[in-house]
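Heads up, there are several structures right after this.
Below, subunit A partners subunit B and then partners subunit C, in two separate complexes.
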Partner chain A sequence: MAWTPGDDVIAVQRAPEPGGAGGAYRAFGETLRGLKTTFARMLERPVVYQYPEQKLPVYPRFRGRHKLHRFSDTGLEKCVGCSLCAAACPADCIRVVAAENTPEHRVSAGERYAAVYEINLSRCIFCGYCEVACPFDAITMGHDYEMSDYNRQDLIFTKEMLLAEPLERTPLRTEDE
Partner chain B sequence: MPRPEERFVTFSIDGREVSAPAGVMLADGAKYGDIEIPVFCYEPKLGAPVGACRMCLVEVEGIPKLQTACSTPVKDGMVVHTQTQRVREAQNSVVEFLLVNHPLDCPVCDKGGECPLQDITFGWGRGISRMVEPKRHFRKPVELSPLIAIDRERCILCYRCVRFSQEVSEDYQLILNERGASSFVGTFDGHPYVAPFSGNIVELCPVGALTSRAYRFRARPWDIEGSGSVCTHCPAQCNVEFTVRDERVLRVLARDNHGVDDGWLCDKGRFAYQAIHSDERITEPLVRNPDSGELEPATWEYALDVAASAIEQAGSSVAAIAGGTTTNEEGFLLQRLVRAVGSADLDSRAGLPPVPAETQRALAAPALQATIPDIEFAHTVLLLGTDPIDDVASLDLRIRKGVRRNGVKLAVATSRPSALDANSRLWLRYAPGAEHAFVAALAAAVGGADGVEALCEKADADPKAVAALAQLLQDGGEDVVIVWGQRIGAAPLPSLLNLAAALRLGERAGAGLIEVPVGGNARGLREVGVQSNAGPGLKDAKAGKSAHEIAQQAADGKLTTLYLLHADPVRDYADRRLWERALQGAEAVVAHATLLSDALRATATVVFPAESYAEKEGTIVNLDGRVQRLRPAIGRPGSVRAEWQVLADVAKRAGHDPQVLTGPIVTQQVVAAVPFYGGLTLEEIGGKGVRWQERDAASAAPEAPAGPFEAGEPLAAPRPNGALRLGTYRSIWAAPEVEVSPALKFLTAKQQAEISPVDADRIGVDNGGRVTVSAGDVSVLASVFVRGNVPAGTVFLAEATAEQSATELLGGEPGLVEVRPA
Partner chain C sequence: MSSVLTFATVGFAEAWWIQIIKAVIIFLVGFTLVPLALMLDRKLMGRMQMRYGPNRVGPFGALQPMADIGKLLFKQQFRPRTSVGFLFAVAPAISMVCAAGAFAVIPFGNTVDIFGKEVGLYGIDVSIGILFVFAFSALSVYGLMLGGWASGSKYSFLGAMRSAAQLISYEVSMGLSLVGVVITAGTLSLTGIVEAQAGMWFIVPQLVGFLIFLLAAFAETNRPPFDLTEADAELVGGYSTEYGGGRFAAYYAAEYFHLVIASAIAVTMFFGGWMLPFGIDPPQWVDPIVVIVKTVLVVCFFIWARTTFPRPRYDQLMSLGWKILLPLATANALVTAILVVVTH
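The block that comes next holds the complex of A and B.
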């Protein structure tokens, strides 16, 4: 028996066929809209920062050279040497060797502290995973991006270097910048 | 009890048809269907499950309540669900309950990253905690012993450590104190938990409550690499895994091998790795400067030349002694060199008398060998002249397991009271030095020969006890395993073989003899021919001198060059003074050593730095004939070279090039030279080793002479007449590697005289008092240990202690010693 579609038919809504002014706009309109930006920029002056005399301000969440922190009240290191940053590091640039705190020699607030904490900045990709992994907020990414040096050896930052207050070399973007 | 037969049952778990051996618990059975059931307290090695943690709850159809998978054996047709809502609820709740008091210490906890509690919380936990109440607090961390730190806040009260102490090592020290929420693990009165196997609880603990003090905060799991190898500290040769970070061994873990160690390690095996990184280790060749007379660092070229020329010049008056930790390859190269220059003066028997090649072949017959697992399933086990805790530690746990779980009837026949006396059906004592008479008496009693009384009289053993022992061996079941110590000497061995023949040990697979040799690879060294009366494969060879004869020759100035491969005869072998004279008398002494002993410092001509066992490559043979492979875990420190290479270089320079370029080439040469290793490759040995008796090539084992053997006439033990008989033993803690390991230093064996209460009264001393024990003009200072079941008329002293070693007194014939208050 022949089958009649009847109610099973679904009508498909289609856009109007291109043609006329509408067709021309659809072909060139968007291109012209892009070109508007291009031509507008032609009138502007070039943006060049006179680095290093003039430094590019960074955003507050910019991920620069790492900093290690101390508790402000007790002066103890926040880092307990748990090595989670080293585990999270995709570039394998962090090395931690932990040791035990003793009552005579207390370095951190926990049972253990980092006796050795080194970041090889020539390997670091500044992904910020170490900061995310840290359970004690002991390591954060700072704003310093000027780390070039003459010797690769000097790019291995030790705990003392990371704990020291970094030189304020990088301007921070102000609210409206 | 004979081995249980393995029968498989089929059950359904999460809709899968799984077949698993009958009798296993669901938690294990589920693994056959690739289903994981989380557990904390369950550990099959610890024996019967306790169901303490409730983590393994599963739903079994037909049983209204959830069941613990760790204590429910699989049954045919069982239908199990592990993924239902009810089970998940229960698992979530158990994890939440365990975490109620568990502190959030993960960043500072040594277990973090390899912690079952972390893993299970992640996999089966609720994800959040509803608990805001304060957690319970303890003082932390506390020293449970100098080796172990305990953090009671982290403890989840799974009982694993307590069960280990109570049911596996049976030292009965760890208990749970208090009740309910106040429970905590500890010893009854808070004394330190010091026991030979205490380190195992660190590995057992499923949380970070018990941690190793030696490994404390050294590394996290992602900083380290594991490297499997074998421990060479004793002939048990337990399989271990080294934890390596930055080319340093930081920890030793057990590597489960049922045929060897059953997954346990002694504390020496677990902590003596520290000797590898000792500051005292020799890391460059030392040569004696002829002008100043001092040992001075030298280049390899010079040191090799000096050693080679010393051997070349000495020719047939070279003698060599290999210590127990030497690998088969090194021993093989050494005996080749010594035999090539025309000498046969080789020994690896730790100064014990040589055994005729005939007897050795009879003892090595594959049919007469029991395996280590046989101990667990035998009807009767006889310990003859050895105390496993000192000679081959992990065997002690194996015997305890057999007795406790399988009802093995244990008999102990030793001169010194044994740690296993309490577990035995029957123990008896004979006079030290009267092993021959005793074994002859026992063989006669079993064989129904007469003269038992007279022999017992000579051995000073109780004839009734000997008769009872013979009765037990004969009627206790067919599977009899005799574990005998090499220290009983050579004379009793024919009687031992006759005893084995009378008990028909050679005819049953589960019965036989196991020798406990002295030294880590003593068995392998003998099989590759490092002995004076047999070459590689126990074949006949030109007879040479044994260690004692070598010493006498050297002391008389008749021997020119003495080669000491990891052997320290002055410390370890009987008659210390003779050996001191021997080393001075020899024209040249060439030694391989990791630590410079006083004797070497005074007399050695060349000292080559030896590799530690974590750096070595080669094969070794454990006490039941399992050929195992040592693999390098770390690089060699300083300018240390592979020792097969050093031996090959020395041989080459002495004009006997062994034609070896790599370690495996030496292994090939060993395999080619020893018929019963035939065709063995390093791949075949693999990670678990292979018993040569179980391979086809075992048929190439030398023909064992047929018995009965001529037992000879045993000497009578001396009668104590105010003076006491001297017995000696070598403590597990009397070793240089213990002394230089900071963690183990507190256990270092000190000389103590074990005497019976009767003798203590007579001499007028008490526990801890000082006495001098003297034989002739030689005397040793010791502190007194009054031990209840030491037979009256006997004093026991430790050998190989750093100072006041009993080997001083072991010069002449076994005799009596005077014990006087110091």
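The block that comes next holds the complex of A and C.
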């Protein structure tokens, strides 16, 4: 017995078949309309940014290269070496080795500090989970997106590099942009 | 009966040394127009897509074609192991020579007086001018076909078959579309055709022929939207898949040379060559400039259409060529012939 599709049948709606004088006229008209469209674009200004000279401004919440922070009053590092960022990282690109603060050698405000803090930016996917995971706001995502380099080794950013004040290379968007 | 078979008579010929100088100058003009067309292509297409196009090398990016050619020429010559050595090397040269050869008959002006010598502003004025162009454009199929076959790669071979089929089928319509012009002018010589347009450019009485010629020219020059032979977005690259470096540059330059020649033929056959409309009669030294400016304008139209239209399917291309353009071109030639006979 033949199978009857019942309600599963989908009626396909097709455009009228081009053909005859009407079809030729329509094809010709549409051809000219297309030409008009492209010509009109030529009279407008290009919308592109001339990149190396003219940088695309980023939004304040843009997730660029990470920054580590210090307390502005004491100068101590905010990071306490808890490794929560490393645990949250889906790309597994953060490496933290914690060490104890001592009265003689006090680096952070908490009990421990990050002796080693490395982010492998060649693996980082800039998801911002580290920023979310951090209980002390010690790591945030910056605005810098120009991070290309000639060696993979150079893309492993150490704690000193992440703490250093980054060169302001990226313009921020203004209110009305 | 003379022992020498005359295939074609030459309308006007100079001393041999003038001809050599002329050949060099025409070659140089041709090879100046090719990078110009290349640059125009990228710049104009950029503007139509609301971007700048190349603007880094030289003022306004004007030296970009030179940079491209330099890059390609300094690349290592590479040859696939399965390729047929000699033909693989000679195929791009065939493409190039055929393109340059067709340029010889394009008239840039009538005979002028230069330092007391009569010089025609064209390579040679043969009585079969337009057939000469078609002969070379037909020969250029060999360049593509041999290149695709000698590469020893299935992609190249399939691309070559596609391009051969496309070029051959559109050449028929292209030839027939010009028959109307030839009948109206009553001569095959390109200078004769231009002179016949003194009263009215042939685009007015031969509008249908012009449209057919234009469509066929897109297919003949492998330009988008009829770049089915290459179709860089869909295929690997057609006949030139296995080519790189200088040989690829030769194919690329030949493609743009064909574009320039197709535009120059359109100018000669339909836009009055070196004639200007509204009875403007400039001094004779302006003639080549008029022809070159008109040619560049037609090139601009080719680029304009390139940015606008999507590529048709291969069967659509074939049915357009054989089912629409060929009957139309035949009817156009017939109607023109009847009208010419009736009115004379």
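The rule is short, and it goes like this: the second predicted complex is superposed on the first by the 133 of 177 C-alpha atoms of A that agree within 3 Å, B and C clash if a C-alpha of one lies under 4 Å from a C-alpha of the other, contacts with A are read in each partner's own complex, and residues count from 1 in each chain.
Here is the rule we go by: a contact is a pair of C-beta atoms (placed from the backbone, for glycine too) under 8 Å apart; a residue touches a chain by one contact, two chains touch by 3 or more.
Note that the coordinates shown come from a computational prediction; the quantities given were computed from them, not determined experimentally.
Visitor: Between subunit B (first) and subunit C (second), which, if any, makes contact with A:Cys82: first, second, both or neither?
Guide: first
Visitor: Mind working out whether A:Pro57 is in touch with subunit B, subunit C, both or neither, as first, second, both or neither?
Guide: neither
Visitor: One more residue to check, A:Val48. First (subunit B), second (subunit C), both or neither?
Guide: It touches subunit C, and subunit B stays clear.
Visitor: Is A:Gly142 in contact with subunit B, with subunit C, with both, or with neither (first, second, both, neither)?
Guide: A:Gly142 contacts neither subunit B nor subunit C.
Visitor: Given the touch rule stated above, what does A:Pro166 touch, subunit B (first), subunit C (second), both, or neither?
Guide: neither
Visitor: With the two structures laid over each other on chain A, which partner does A:Arg112 touch: subunit B (first), subunit C (second), both, or neither?
Guide: A:Arg112 contacts subunit B only, not subunit C.
Visitor: Under the stated touch criterion, which partner chain does A:Leu35 make contact with: subunit B (first), subunit C (second), both, or neither?
Guide: second
Visitor: Pick one for A:Glu100: touches subunit B only (first), subunit C only (second), both, or neither.
Guide: A:Glu100 sits against subunit B, while subunit C stays out of touch.
Visitor: Considering only the defined contacts, which subunit A positions touch subunit B in the complex?
Guide: Interface residues on the subunit A side: 80-84, 86-87, 96, 98-100, 110-112, 135-136.
Visitor: Which stretch or stretches of subunit C touch subunit A in the complex?
Guide: It is residues 44, 46-52, 55, 304-305, 307-309 of subunit C that touch subunit A.
Visitor: What residues on subunit B touch subunit A, complex-wise?
Guide: Within the complex, subunit B contacts subunit A at residues 106-108, 112-113, 141, 216-220, 222-223.
Visitor: In their shared complex, at which residues does subunit A touch subunit C?
Guide: Residues 31, 34-35, 37-39, 41-42, 44-48, 50 of subunit A touch subunit C in their complex.
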